[in-house]
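Going by the order they are written in, the chains are A, B, C and D; count residues from 1 in each one.
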Amino acid sequence: MNKVVANSNKAIEGIKDGMTLMLGGFGLCGIPENCIGSLVKKRITNLTCISNNAGVDDFGLGLLLQQRQIKKMISSYVGENDEFERQMLNGELEVDLIPQGSLAERCRAGGAGIPAFFTPAGFGTEVAEGKEIREFNGKPHILESALTADFAIVKAWKGDPFGNLIFKGTARNFNPVMAMAGKITIAEVEELVEPGELDPNQIHTPGIFVQRIFQGVDYEKRIEQRTVRSKN
Amino acid sequence: MNKVVANSNKAIEGIKDGMTLMLGGFGLCGIPENCIGSLVKKRITNLTCISNNAGVDDFGLGLLLQQRQIKKMISSYVGENDEFERQMLNGELEVDLIPQGSLAERCRAGGAGIPAFFTPAGFGTEVAEGKEIREFNGKPHILESALTADFAIVKAWKGDPFGNLIFKGTARNFNPVMAMAGKITIAEVEELVEPGELDPNQIHTPGIFVQRIFQGVDYEKRIEQRTVRSKN
Amino acid sequence: MKKELSREPFVQKTKYQNLGMLDKVGIVKRIAQELQDGWYVNLGIGIPTLVANYIPQGISVEFQSENGLLGMGAFPYDGEEDADLINAGKQTVTLLPGATLFDSATSFAMIRGQHVQLTVLGAMEVAENGDIANWKIPGRMVKGMGGAMDLVASAENIIVAMMHTNKKGESKILSNCTLPLTGVACVKKVVTNLAVMEIKDGAFHLIERAPGVSVEEIQNATEGTLIVEGEIPEMQLD
Amino acid sequence: MKKELSREPFVQKTKYQNLGMLDKVGIVKRIAQELQDGWYVNLGIGIPTLVANYIPQGISVEFQSENGLLGMGAFPYDGEEDADLINAGKQTVTLLPGATLFDSATSFAMIRGQHVQLTVLGAMEVAENGDIANWKIPGRMVKGMGGAMDLVASAENIIVAMMHTNKKGESKILSNCTLPLTGVACVKKVVTNLAVMEIKDGAFHLIERAPGVSVEEIQNATEGTLIVEGEIPEMQLD
């Protein structure tokens, strides 16, 4: 059971124009920097990207937007990105906005073989348009469907050749649920360890959800809002 | 944020005749021994118990069955228990059998505010009787509803006063999903540690799901099927 | 094990000034009075974040950030910031003792499953039936609802922190929202620069005035139905 | 990192005896030939568990146990058993390097989400359309379906390990199941003490005979539609 590939160029083999990708991360935290770099380099286009955010102008998914590689974004929040705004207002980019909790649950459902579920989020708003409404316990809910992707690309802190993953801090976010929902799931990790090094009791994503893994290089891990206090 | 109570007798305060309880565990592995002991001692009756199994004759939920404290069991597998069989065949005990995966997901749904979801498990069987059937991706699914309980009682390995829990080995099983689904959740732990001792990145059940916690005593941790090999 | 954990403020405290109506700090100080011991609280981006600076003495609450953490602490010291530890506003933060980290699905399980006792968020408009609009202005760039729709659809206890009127002086406390909704019939309490109002039975019920603000001033600034019963006390902020 | 991990057998091997039909060990040895490198496999309680003893050389598979573990290893050495580490049959087990532990919801997310490539389980009856009955005999004590209904409803690849006939000699390979169903139209392959059969187009297709067993014997023991095309080879077991 050895799922190790050499690098991000190898890892993204098979991703083709027009495919649907899931990309982990919240803001710029926990995004698969190496694979995004390879997608930029290979100029794969016409992509549908499922990602909570769309990066900033010159980092994260913003890099794919710059090159017009993305046809459609499925996200919950897409601010902080001028190029995104320009493409969207010009009708060059389709955007499907989804409540953040529904986005997370729809990914998990996709990975867990649950084709649809009811949630109260979005009832009475434009999010509910065209969706089935049903009352439970006197409260209206809307039926949301599962999301899956041709490839899910996630970023973890540590991983092993079995594909077992451990995330760090809030860089976990959407990565575990998207790892579940990819037909093929690629994990890039900061540190690839030997089999047996990770404590079986402390693994966040069991390797069964991961098909390819590699140790990434040169992580920038850019901070979007650096808020600090002085030591005095 | 201090949720510590002295012992299992204190922890089960408020549990009344006729209530619905969730009890973690798979077989005899990871069951809340101390709280079961207190329920037996207090002779609370007419209980509906949601638990994957029903214990054995003289351990686990079997102790509650002996005293006729259980009105109804909601479980996936209830073998290994003669008293259970006797009460069930005599019509003294209601039994609702649910596919194990649906049981786990229904508890999680109850805790996650998902009132219902579709699953393929049980389609075409008596489990599907009276339930809505809908096709997704050409495959029939049945609509299953969330489960919640007046009290959920779980057993963990380590915990802290915030209610944060870490489980050990396969004693995790139904405990995390049931912890989510109790109106009040009681956690008994083998070791109660100081706040800040548990690594925030390695907590299985965040304390937000737990209302009461205590360090249990005298764990027997009985093994149901002792299978070993010799060292030669 | 019963020692109280030290809780440092998220931002530097700024001095509250009595201006005849409340500034942002006044609004969040008033909201902080609603906190109850043992509550888990989700604070929205912007003004609501400041509530964390004014937790009443003797009260212990935990802050949930929907990107995946409970037990959020102050901003890190300069030089100690960690790119892997941010809040829902993408600001670098720290963890308090007892903190936990989790994925987005678990985070919204907490929210949707009503394990969070209080949600504080901003709004562009609130209506007398409890509707809220805070995510979209037609014709302008749409940034997305983030977690707001999940929060307002599920929270049992939602307090909105907002200005009573817009920059043109038009009321944002309405009979009906004019902007696309974030959620319906969900807001229970509104704290503005002029007043504290409860929403029930299809109307705003005035319960407190900002220091130096008259009931008439509040009525004039309120487009929605405002019920005024008996003597309306001034907020007590310090 | 590419070293092959040692995999010790779950139970002591017992010698296969050629009796003109297969014993349990023969059935599981034949099923083990279906394993493919890199597969995740769920083995049902009882006979299917034994498949783990006969993993073909050079093949690496991981065993999933639905109570919450992946990478299940051999039984522990006497005295080293851990009450907190059991499989779905409640037997004490060990973990192999690379193993992971998880909760029941995650476990069935793996199963329902089709991340497990092969499920092997026993049956009381199998029908020619792929229906399976293995959990309930009306009038007798009902123990429950455990995880079987989730497994058969979701697995893309289900192999049933069973005896061709019951103790009275009556066929369990049927045109229609008579017992309450566990799942419908889901079984793809059946390995019995007499034969290997594929299920497709509403019929059992005989593909291999047990050593020394004739096609006629298999036909006589099969109540459901049995398709026999061309020469049917004997299983090759060693």
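Just so it is clear, contacts are C-beta pairs under 8 Å (C-beta built on N, C-alpha and C of every residue); 3 or more make two chains touch, one makes a residue touch a chain.
Computed from a prediction, not measured in an experiment: that's the story for all the values here.
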Identified repeat of the A-C interface (over half of residue pairs identical), from B-C, B-D or A-D
B-D
Most remote chain, CA-based centroid, reference being chain A
D
Centroid from C-alpha atoms only, then distance chain C to chain D, rounded to Å. What do you get?
56
Measuring centre to centre with CA averages, how many angstrom lie between chain B and chain C?
36
Between chain D and chain B, distance of the C-alpha-averaged centres to the nearest whole Å:
29
I need the residues of chain A touching at least two other chains; which ones are they?
105, 108, 112-114, 119-120, 167-169, 201
What positions in chain D touch 2 or more of the other chains?
69, 101-102, 105, 108, 111-112, 154
Graph class of chain-chain contacts, one of line, ring, star, complete, other
other
Touching pairs here come out as A-B, A-C, A-D, B-C, B-D
Chain A touches which residues of chain C in the complex?
11-12, 65-69, 74-87, 89-93, 101-105, 107-108, 111-112, 131, 141-150, 153-154, 180-185
Within their complex, state which residues of chain B touch chain D.
26-30, 52, 75-79, 85, 88-89, 95, 97, 99-105, 107-108, 119-127, 157, 167-177, 204, 221-231
As the complex stands, chain B meets chain A at residues 105, 109, 112-120, 134, 136-137, 141, 145, 166-169, 201-202
With touch defined as at the start, can you tell me which chain A residues reach chain D in the complex?
1-2, 4, 108, 110-114, 160-162, 164, 180, 192, 194-196, 200-201, 203, 206-209
Quick check: in the complex, which residue numbers of chain D touch chain A?
1-2, 5, 38, 40, 60-62, 64, 69-71, 95, 97-102, 105-106, 108-116, 154
